[in-house]
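What follows are several structures.
One chain, subunit A, appears in both complexes that follow, with subunit B as partner in the first and subunit C in the second.
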Partner chain A sequence: MATRRDPITWFDALNVVLLTMVAAACLIPMIHVTALSFSSEGAILSGRVSLFPVGLQLQGYRTVFESAAMMRALVFTVYLTIVGTSVNVMITALGAYPLAKPDLVGRRVIWLLILFTMFFSGGLIPTFIVVRALGLLDTVWALILPGTIATFNLILMKTYFSGIPTSLAESARMDGASEIGILMRIILPLSTPIIATLTLFYGVGHWNQFFQALIYIQDPDKYTLQLRLQQLITDGIGFGPTVVFGRSDDIPVESVKAGAIMFATAPVLIAFPFLQKHFVKGALIGSLKE
Partner chain B sequence: MARVFATIGLLALCTVTVFAGGGSEGHARLRVMIVERAEVPRDQGRLTDNPWTEFVQNEMAKLGVDVQYVPKGGSMVSHTVMMATNTAPDLAFTHGRLLFMKFAADGGLHDLGQYLPEYGPNIRTVLGEDHLRLGQIDGVQFAIPSRREIDARYTSFIRKDWLDALGLGIPTNRDELTAALRAFKDRNPGNVPAAELRPWGWFTDDPGTVFDSDFKLFDPMYSFLDHDPAANMGSLWPVRDGFRDFMRWLHGLYQEGLIEREFATDSFDIKTRHVVNGRVGFIHVPWDYLYAQNSGSVALNLARNVPGAEFVPVDVFPGPDGVYRNLRYLPTRFYLFSPRRSRVPEAAVAYMNWMLERENAWTLAFGRTGEQHTIRDGLPVFGDLQRYADTFGYISESLRILGDYPFGPTITTAVREQFRVNDFSGNDSRALAMALEHSFQEPVFQSRMNAMSRQGPGLIRIAERYWVRMITEPDFDAEFDEFIRRMNDRGMPTIIDERRAYLEQFGVN
Partner chain C sequence: MLTLTESRWRRMIRDRHLYLLLLPVFAYYIVFHFVPMYGVLMAFTDFNIFAGLRGSAWVGLENFQMMFRNDDFFIVLRNTVLLNVISLLVAFPAPLILALLLNEVRNRRLKRTVQAIVYLPHFLSWVVVSGLIISVLSPSSGIVNAVIRSFGGESVYFMTEPAWWIAIYQFSGVWKDVGWGTIIYLAALSALDPNLYDAAMIDGASRWQRLKHVTIPGITPTILVVFLLSVGNVMTISFDRPFLLGNPMVLEVADVISTYVYRVGLLNVDYSYAAAVGLFQSVVNFVFLLTANWLSNRIKGQGLF
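And then the complex of A and B:
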C-alpha cells in the first residue's frame, strides 16, 4: 500500500536550508584542507585554492607516508586507541553494572564520590606526580589509566543498564549464573548500542590524545598522531631529514601540513559511518531513564 | 691544562656521586635534555640513541660522566611541569627568558658560576664574560646562554619594479617613503584592482609584548626617538618624546589609505597572500621573510605570479641623528640550566665545557672530516648535501645546544652559503647586512622586575587594543590621550620607576 506523503511545509523547507548550511559549514573546511593537500605550494601561498586542487601534486602525501615519524605515530596511536578503548569500555561496564542495581549497599555514597570527579580534579601537577609515582611516565598507560572512566560515559552506561528488565538477570540467577556471568552473557550482549557509543566516544578521545601526551610522553617514538601533527605544523618536524642551514629539497610545506591533517583525521572519518547507527541509538537510550 | 683540571675535578665528583647513588661505578650520571629538531632517518636509530649521541656518550665517559639523553617536546608547559615536579633533567634549557628568570627567582636553579673555574674554563673563554651576563640574575650565574650566530631581525623592502615604472628613486627616509606610498596608491604602477592595492602591506596587527622586545615596528618607531640607551632602559616608549609623532604618522598613513585596511584582522597568511600576488608595494618584515630556501619562498612565488616583480631591501628609517638603526635579537637562543634538585651540576658544566673544545665544537657543527665533509682552504666543503642530512644533519642542531660553531663566524657563513639553493640576486645578503648595520638590542634586565611582571600583562592588553584604535579611529589625539591615561591608571608609572631605579643601580648594559 502506498503511503501518503505529508505536504512540504515552510518549516520543513527552512529546516532543510538551515541544516544544509550547517552541514556545509562542517564539510567545507574538510574539503578545503583536502584540496590544499593536493595543491602546489605556489597556488596555496597565492590563495588560489578553495574547494578544488590547483597545480595538482602528490608530493605532500608522499612526504607524509615516507615520514618514519608519522608512521610510528600512526602505529602507536592505533595501539593506544585499541588497548585504551578496550580498557575504558570494560572498566566502565564493570563500574556501571553494580551501580545500576538498586539494592547495592552504599550505592548513593559511591555514586556521589564518582560524580564528584566530574566537577573537580586534582589539577595538573598533582596528577603528574601521581602518574610519575606509579611509574607510568613515558608509557602508554599514562595515557590510558588516569582517564580510564569518564564519568559522563559511566552515567550513560548505568542508565542504559537500568533500563534492562531486572527479570532477565533474576532468571539467569535462578539458573545458577554468577554476577559476572550475568553481566557477560546477559547484560552486555543486550547492550551493543551503548557499547558502540562508548567505543566511539573513548576511541575518538584516544585518537585525538594531545595534551596528556604532551605532558606525560617524552620519547618521540611514543608521540601520538595529534602531538606529531602539532610538531609538524608548528616546528616543521616530520618533513623527513633536513639539513642544518635550511632545506635543500623542494618539499611543499603547506600541502604536507594539509596532507598530515587528512592523514590524522581520515581513519575516524572512515569509521564513523559504520558506528553512527549504534551511536545515535545508544546515546539516546543511555540518556533516558524511564 | 684546563682539560686536565676538569678531568681531575670530575673524578673527584664521581666519587661523591657514586656514594650519592647516581651513575655506574666511578661515573656521574648526567641526564641531558634533547629536543627533536628533525626526523631521525630509519637507519640511524632514535633521537636518544644514534651514532652521534653514542659518540658524545663515549667521549663524556672518558671524563667520568655517563650521559643519558632525555627527550623533550616543544612546549613550555612541559618545562613548568618538569620543574614543578622535580623531573627536569640535570641539564635542561629553555628559549624563554622570562621562564628562565622565573625558575631562577623561585630558587629552582643551581648557581653554575661556582663550578666554572674548575669544570667550565672553556665556557668563560669561548663565550666571554659579556655574553655570560645574559644568564645572570642579580649577579648569580643561573644559566649558560647559548650563542646565536645571526641576530638580525627586521628589514624594509620596496617594489623596485613599481618605483622604476613611476620613475622614482629608492627612498632613503620617511618622507620619501611616504611619497612613494602615495605614488603607489595614486598611480597604481602594478595595475592592481583598486580594492586590492596595499601600498604598505604585511602591517603588524599588534604592538608586541610592550615590555619585551617583540614589537615588529621597533625600527620605524625608533626613527622618531633620540637614540638613548639609558632612556630605553629607564623609561617606556609610550612616554618617550617622539612616540606620539610616530603614532600620528602611522595614523595619517592609514587615514590616507596607504596602510592595508584590514591589518588588524587579517592573519599573516592572508597578508602574505597579498604580497605573493603582487598587491603590496612596501613591507617591513623579518629580514629573511622573502627568501625561504624551498618552494614556499615568497620572493620566488611573487616572481612567478607577477613576472618582473622584485622587492629590494631599503633603509628608510633614519633616526633624528640620521643614522639607520635596527633592533637585533639578543645574541642567545637558549638558557641552559641545572635544576636545584640535580646532584651533578658540576657534570652539567663539564658537559658544556666539552662541547666548547675546538675539536668537539667542529665535529658537532660540521660532522667528521672525510665523512660528512672535506676541507678546502680551511673550510668544510659538503659535496653531497643529502648524505650530510641523512648521516649527521638530522641530529646536529639537537646536540649543539650551545649554538653555532663558536670559533670563526666566517666559517659558519661560508657553510651556510653551500646550503643555498635559490639565487635572489644578492637581495638576501643585502637585506641581512642592512638589518645588522648599526643594530642595537633592547635592554636586558638582570634582576627580578616585580612591577613589570605584575602590571605588564594588563598593560599589554591595553596597548593591543589602543594600538589599533590610535591608527584606525579618526580622532587620533583623543585616542592617544585615552591610551596614555589608561596605561597610567594600570601602573605604567610604577614600571617606569622600577626601570629607572634599575638603571641607577646597574647602569646601561
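And then the complex of A and C:
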C-alpha cells in the first residue's frame, strides 16, 4: 500500500488509468444496450449506434410494456420473488436459531449432514424426479421449495446468531417465553443486518431465476421474466419475438430486445445501492471461517 | 454413564421446542437433498418413471458402460475440463490482480467508486449478461465490431467461431465476477498488520519490496484457499453460462456436462443414463474437493472446511 511518504510515480498514474478502464469496461455494455433500446431499427442494423441513441424512438419500450406475455412474466416474477424470499428467510432462521445453540443435543451430527449436502448431491435428474413426484411441476413451488435453504446463507445466519449474547434469551426463558417467542421477539429484532443481507441474496436469486423455470415450468402463464427474456433474445433463429409477442412484422425487433434486457435489469440497478452495501457485508461474514 | 445419558435426555426434552422449529429444515434437507442422493441409484436401473425406483429393472453398470463407450460423453468431459482449466489461468488471477491494484490507489474516493462499479455485473442474471454480450459483439450492430471497422478491420463473428467463443466465455466470466472476487482479497489485505509495513518502511523497503515481502506473503493463505477451491471444482460447471452463450455453431466446444445432462435427461427423457453422467460428475467432484482439502491441510495446516 502507498503511504504519504511515498513519492507519486508513473505507476500511480498508470494504475488510475487502468482502473478507470476496468470500470468503463463494466459500464459500456449496459450503456450500449440502453442506447440501442432508444434507437431506430435502421440505425441499429447499419451499426451506427454506440454509446448514444441514434434516431430516437420509444416504440421498443412501448412494445415491451404493451406485451401481455412480458407483463404476465413481470407480475409472476414479482410474486415469486416476494413469496419465495419470505419462505427462504423464515425457514433459514428456523434452522439457524436452534443450530446456533451450543449445547443442543445432536447439533454436530445435524450440522455435518447439512454441510455434506454442499459437497455431494444426487444431481439434476433425481431432484427433477422428486419435484415431479411431489406434483410441483408447473407451480410456483417448484421454483421455491427445492431451494428453500441455501446452505451458505444458513451458515451466515447461524454465525450471526452465535454472536448474540445468550443471556438475553436466558432471561426471556426465565420469564416463561417460548422458543418461538424468543426467536421472534428477541433474536430477530436484533438481527436486522443479517436479515437484510439474506433477503437481498435470496431476492436477487429469485429475480434472476432461469434454470429452474426452464426445467420445471411448461405453462407460459408461469414463465419468469428471465425465461421470457431468454426466449426473446437467444432463442436461436429469431423466432423469439413471434413467440413472445405473437407477431414480428411490425415491431422493431432489435430495440425491443435491448429494451427487454433493460426492462428486466432496471429493478436490479435501482436496488443496487442497497445490494452493494449488504452483499459486501454478507460476503465478508461468509469469508470468515467458523 | 447413566447420568450422562440421562442428562442428554433431559436436555433433549428441555429443548423439544427447538427440535420442533427444526422440523421444516429437516424436511427440506431430507426431501430435496437426501432423497435425491438415494434416488441416484436410478443410474443403476433402466428407470421407468411410472414404476418408480423399486419397480425399475436393475441393470448394474450398464449405463456407465454406455457412457464410457459414448464419444459425446468424452467431448463434453473434455469441454468441461478445458473451460475450467482456462478459467483457472484467467478468471482465478484476475480478481487478485484487481484487488492489488485497488489496494495501491491513493485516492479513497476513486477506490470506492471503482469498487462499486465493478461489483455491479455480479447482480445481473446470466440471461441479461449473455444478452448484453451478444449485443455488444454483434457483427452488424455491436459496438466492438463498429470499433474494429473504424480501424479498417472486418467484422468478427465472435459467437460462432469456436476459438473466439472460448475467449468470450472466459471474458464474460471475468466481466461478471472479477469485482465480486476482489472482496475476499480486499478483506485479507485490510486484515494485514500495519506494523509490518511500518517496520519495512524503517528498513527502507520500497513500495515494490513491501508488496513482494509483506503484502503477497500476508495474503498467500487466502490465495491458496481460493485456488484449491477452484481446482476442487474443476469438474463442476454451471448450466446458465455455457447454455446461454452457446449456440449450434459452437456446440463442439460449448457442450458441457451440465448442458449434456439437461439435454439427454430432460429433453430426450433418458433418465437413467443422464443420472449416471450426473453421478459420475458428483463423485469425481467430491473426490477432488476432498483432495483439495487434504492438500490445504498439508500445506498450511488448515482445511478448507
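The definition used in the following text is that the second predicted complex is superposed on the first by the 234 of 290 C-alpha atoms of A that agree within 3 Å, B and C clash if a C-alpha of one lies under 4 Å from a C-alpha of the other, contacts with A are read in each partner's own complex, and residues count from 1 in each chain.
As a working rule, contacts are C-beta pairs under 8 Å (C-beta built on N, C-alpha and C of every residue); 3 or more make two chains touch, one makes a residue touch a chain.
Please read these numbers as outputs of a predicted model, since none were measured by experiment.
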| item | value |
| --- | --- |
| Which of subunit B and subunit C A:F128 touches, first, second, both or neither | both |
| Touching partner for A:T85 - first (subunit B), second (subunit C), both, neither | neither |
| First (subunit B), second (subunit C), both or neither touched by A:P252 | first |
| Touching partner for A:T77 - first (subunit B), second (subunit C), both, neither | neither |
| Partner chain(s) touched by A:S67 [first = subunit B, second = subunit C, both, neither] | first |
| Partner chain in contact with A:T199 - subunit B first, subunit C second, else both or neither | neither |
| Which superposed partner A:I215 touches (first subunit B, second subunit C, both, neither) | both |
| First (subunit B), second (subunit C), both or neither touched by A:L137 | first |
| Between subunit B and subunit C, more extensive residue contact with subunit A | C |
| First (subunit B), second (subunit C), both or neither touched by A:L45 | both |
| Footprint overlap on subunit A, where subunit B in one structure and subunit C in the other make contact | 45-47, 124-125, 128-129, 132, 215, 234, 254 |
| For the subunit A and subunit B complex, residues of the former touching the latter | 40-42, 45-47, 67-69, 124-125, 128-129, 132, 137, 214-215, 217-221, 223, 227, 231, 234-235, 237-254 |
| Subunit A-touching residues of subunit C, taken from the complex the two chains share | 8, 11-12, 15, 17-22, 24-25, 28-29, 31-40, 42, 49, 98, 101-107, 110, 113-114, 116-128, 130-136, 140-143, 145-146, 149, 175, 178-180, 183-184, 187, 189, 197, 201, 207, 210, 215, 239-240, 244, 247-248, 258, 261-262, 265-266, 271, 274-275, 278-279, 281-282, 285-286, 289, 305 |
| Touch list for subunit A against partner subunit C, complex | 1-3, 5-6, 8-9, 11-12, 15-16, 18-20, 22-23, 25-30, 32-33, 36, 44-51, 91, 94-95, 97-99, 101, 103-106, 110, 113-115, 117-130, 132, 134, 145-146, 148-149, 178-180, 183, 204, 207-208, 210-211, 215, 226, 229-230, 233-234, 236, 254, 257-258, 261, 264-265, 268-269, 272, 275-276, 279-280, 283-284, 287 |
| List of subunit B residues in touch with subunit A within their complex | 36-42, 46-48, 70-75, 77-78, 81, 84-85, 87, 270, 272-273, 276-277, 292-296, 298, 301, 304-305, 385-386, 388-390, 393-394, 396-397, 415-416, 419-421 |
